[in-house]
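Here come two complexes built around chain A, the first alongside chain B, the second alongside chain C.
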Partner chain A sequence: MAIKLDKYVIDRLGLAEIIAVAKKKTVPQHKQSFWYYWGGISLFCFLVQIVTGVLLLLYYRPGPEAYESVRQITYEMHFGWLVRSVHNWSADLFLLSVFVHMFSVFFMKAYRAPREFGWWSGMALLVLGLVFGFSGYLLPMDDLAYFATKVGLEIPNSIPVVGPSIANLIRGGIEVGQFTVQRFFALHAVILPLIFLPLLGLHLWLVQKHGMAVPVSEDEKPVAARKTIPFFPNFIAKDLAMWLITMNVIALLAAVFPWQLGEPADSLKPAPVGIHPEWYFMSQFQTLKIMGRLFPGYAGEAIGMTLFTVGLLLWFLIPFYDIKGKGALRARNATYFGLMVVAILIGTTMWGYLAKN
Partner chain B sequence: MTHATTDPTRDEHAVVGESPADSEEDSFSRRGFVLMAMGGMGLAYAAAIGYPIYRYLNSPVEKSVEMAMVKEVALPDADKLPKGAVLMFKFGAKPSLLIHHADDSWVALSAVCTHMGCTVAYNPATTQIECHCHGGVYDAKTGDNISGPPPRPLTKYITTIAAGSVTVKRA
Partner chain C sequence: MNYPVWEVPVIGGAWVIGIVSIFHVLIAWFAVGGGIYLPVAEAKLYREGKEEWLPVLMKHSRFFLVLTSVLGATSGVGIWFAIGLVQPEATSTLIHNFVFGWAIEWVFFIIELSAAAVYYYTWNRIPRKLHLKVGYLYAVASFLTLVIINGILSFMLTPGQTWLHAAGSGHEATWFWWAFFNPTYFPSLVMRLLACLSLAGIYALVTYSRVEDEALARTKVAMVRWSARWMLPMFVLLPLVLVWFLAMVPAENRGLLQLGMTTIGSGAFTQVTRVAMLTIITSMTIVGVVYFFVYRSPRDFSMSHAVAVLGLAAVATASTEYARETLRKPYVIGAHMYSNGVRKTQVAGYNADGYLTHSTWKPPVNDELVVGKAMFRGQCMSCHTESGYRSMRRLLQARDQKGIDRLLDSLHHPTSDSMYVKYMPPLVGKPDEIAALGRFLSTLSAAPPAPALTSQPKQQARLR
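Coming up: the complex of A and B.
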């Protein structure tokens, strides 16, 4: 055995059972195996978020001093700029890898029985990830953060009847201010992690329970013709190699493109020219803009929001209507739906960036 | 489910079975090299991550050490302190006391007890400095430890009285 673990430790901690399970576990090996790493990459980015988040917590002060404390972290504390930059870049990479992971799961049809709960818990984690991104974005309380939150809260505000009350509750007032920062901080650093971590535990447990799904092309092969590699140490070694690559990418991005801090938020200053949301909200932003042009006034927003809701619901409920049945193994309609979603997301995002000015 | 034949541990066992002496030496040097390289890389990464985190955590420490390095502190209007009274002030980061004794002498001392670091108090009734934590007593003129657990006298500063201020200097 390549790894010599002390017999004493193995014995006292009862590791033999875990090692036995890990050795018996296998991972399918085929042309699409590359996509198996994206869940692990997301997990690694999340771990980086925990470490850098705790480090930022040491100096960050929510409330009226929020901007000043982020300024201190960025410009006065040694390597504070790096910690903050890694936190930002790793958040972006987290969402990016979660999207890749989700689409690979979709196209492998890995949401089908018995993995429906893997799909749903994953979707919930994605939504939580987006709320993490939205709430964290306000915390530096610079001008970009201020307007991003102001605009973002217009979305719950547009819900009929109860919308304004909900938006006010989230905001802690009728305008974005120090109370908004304080509650976004509580959300970002306490409430979301408390919900996210058990859900992540469930998600990972389900992967252990049901194993990796294989793409349809592999599923059609006879069992004897399928290849696998041992989970331990082979797959783990490859997984860790991907983590190492991810870490280097994050470090490079954080060091070469450090995150900036804008001017302090000022409710009397107009929004900066060319202001736009983060890339992971760009598609929705642009779609609302297009809808607003097609249907002026509140109608555009209402139609846009309805489209999102219906689309998201269809996406979420796919395990119910794309079922593995006789002759329906490939179920091309679901694949076309997925391709359409990818095309719309990428198309509107690019449109958003090109039409920015 | 079949295992792919790419499992390195299996290949090695097969080779070891064929000619134990040769391959063992061969695989030792190769394995030794890989382990060394991986260990070295691991250390390099640990240092590259650990050093910024250490400096980041240590930032406020460096700041307060810098603050504590001050050589002198000017206390505006402290010359108006009445006889028998005490003024608490910060010498850098450390609490200190300035006493205007009844005989018109001025004394500035560190207020950090040399025993366990509590902040001491001047008692005008006994004209001694007392520590409420563990009962240490100091002489209010020299800073000498008189009774109780303190192992050393309080640090004494040099005071210069001028009209409008008192300057306290490190001795």
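Coming up: the complex of A and C.
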């Protein structure tokens, strides 16, 4: 029955050719194959966010009623809390899996030719993901969202000369308020998806075009000694299994730790004690705090911002200075650089949370 | 309060029972289901001449023996320790009613454990027919342990009107069979049996996934597929039996499942819905995984797949057990004993004479905070902790003394439309005891102290 149904669908949609190509395509199989699944996990989390985001759109009202509409979704509507919790948890898992994916790509040196554009498009997707997170965080307009956004917007505000104008443009005024919510909503639900989706399409096409990179240790083996598995159905089946596991992890988190809503935002109230940004901005936040302590005044912020910019540029441009065949020392240095970035990110994030407590 | 209170910080006593029980159930159900699976597979081996199955089945029976007889048996004893310490009153009631039931169960345990050992150690040493008989003996004995324990567990949810009429008369044990074959007995038994058989199929996959010998590749495929087919009837029947079970559960208990549909409001007891939802999602995932990754791709089925399926089964089992236990709220023994050990028939007496008056473990000093803490330990701590699971600090939020007193009053005089009446026992005791509890709770609340409410004469008057 299932086989007949398969054939029915394949014949009508003309999938036979695509399947034939997919069957010819292979995926390397080695000790580090586990890391190949993280791109797929990110994609799954993003798809979950689209579906739940559309459902939230049905009831969310940006502007002055933003808080009330999220309150209704969370505490009054049938399974509204579930949709919102799944949306938020999948957003967190999306960013986590993108980070893991990025570092696995980095350490496998998958940014080297011919995969440079895959690296750059992936980096752009990560930045967009972070902006998704930042813009979405304000939308419930509770006290935590309000103050976290206020603190977050201090970063563009601190850019010399043009900073205040940029911050005002983002806020829609000199204070975070209903116009900010309106702008962030437009950014979150319209502008970012419009940029993200074609870029994602390009990224996926590049992955298909160039295939999976292998770690250096595997690359050194003779071709005949390398193991592969067919992309279809074997790799796809494993990828889907990871999606199923991710779905269950999201369900577990949403059920056990549903996303609550704080008090309505009140600009007259003092900021909650220990206010801090979400975990994916904690490292930058803590670094700025450390710099502020080491170099009081404007110098601290300027040094912190310069460090981020230089670090980000070095990271982004790594395909230009770690090139295959240009010497083992250079390749090793790039790996050390990656390890240092991981250590700084994890270390400052943990420091941030420990300092908060 | 006839027994001392065991104070477990952070996770609370209920979770001690929960953790030990969930671990035990995962193994005990395998003991029952696997006990049926093994001789059925062995019979198939003999009937169809599948000699290549033999080494794999022998390996599986070793895994089965070690897991069930070591971890299953020790965790079972662990449950006795845990329930005896956390819910002594309820445990005492169960022992008084079912002592002979448990005695019979232990007889079956002895047969079960002996048969399991004989079964494993006599592969290829005794005639095949006899070996198979030992396997069936194990299957029958382990199934009978389920038959017994199911009667006791389902009794706790639905003791049945006949037993409830006799409750408190001192002759409850006379109504043993009525209590045993209570309204949810049969749906529970069928449901548990199906779950046991499903788990047996999943555990078998763990053994089969470890068959790496190329010479046994075809055997692995055949056995993995057979296990998937083994699970199919359970997957079809389980949802139907769940509907049957829920139909037999009293409407007010069933209603608890709906509390979390619309809200996640703190203190609204919404977790049952959320956890029940997890059961559905993980169970559906297991069905999908078993079809696509076990039945359709048996060759690629690896140890990591098997562990993932087992992990999902563990989450499904844990969430089902949590939901089932929570469905009894506000009782620990349906319509008879509240979850804090107070019997329904004792409420009026405790309100008239005082809760602590009837307690063997009275506080030694008549200090309001000490009395309040004793009330908390006796009536709240079976479900709440001060600052961990179901934390009072979190639930009270920033309630001031007035707010806390109002809350306690609504628990002491519950009205039929109160949401608390659905899942919380009524608060019992004399007004001064309840006031003392309020004072103790105010020390946990984040509200700033209100000077007008702490006037000394008022409190002393309350204590008198």
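A few remarks follow.
The definition used in the following text is that the second predicted complex is superposed on the first by the 340 of 357 C-alpha atoms of A that agree within 3 Å, B and C clash if a C-alpha of one lies under 4 Å from a C-alpha of the other, contacts with A are read in each partner's own complex, and residues count from 1 in each chain.
Methods note: contacts are C-beta pairs under 8 Å (C-beta built on N, C-alpha and C of every residue); 3 or more make two chains touch, one makes a residue touch a chain.
Computed from a prediction, not measured in an experiment: that's the story for all the values here.
Touch criterion met: A:His78 reaches chain B and chain C at once.
In the superposed pair of complexes, A:Val223 makes contact with chain B only, with no contact to chain C. In the superposed pair of complexes, A:Thr335 makes contact with neither chain B nor chain C.
Once the two complexes are overlaid on the shared chain, A:Gln182 sits clear of chain B and of chain C alike. Contacts of A:Leu55 after superposition: chain B is touched, whereas chain C is not reached.
Judged by the touch definition given at the top, the superposed model places A:Ser158 against neither chain B nor chain C. Judged by the touch definition given at the top, the superposed model places A:Gln32 against neither chain B nor chain C. The residues of chain A shared by its contacts with chain B and with chain C are 76-80, 82, 234, 247.
Considering their complex, residues 261-266, 270, 274-275, 277-278, 281-282, 285, 288-289, 292-293, 297, 300, 305, 308, 312, 315, 319 of chain C touch chain A. The residues of chain B lying in touch with chain A in their complex are 1-4, 6-9, 45, 52-53, 55-60, 62.
Within the complex, the chain A residues that touch chain C are 74-82, 85, 233-234, 237-238, 240-241, 244-245, 247-248, 251-252, 254-256, 258, 260. Across the complex, chain A meets chain B through its residues 1-2, 26, 29, 55, 58, 76-80, 82-83, 223-224, 226-230, 234, 247.
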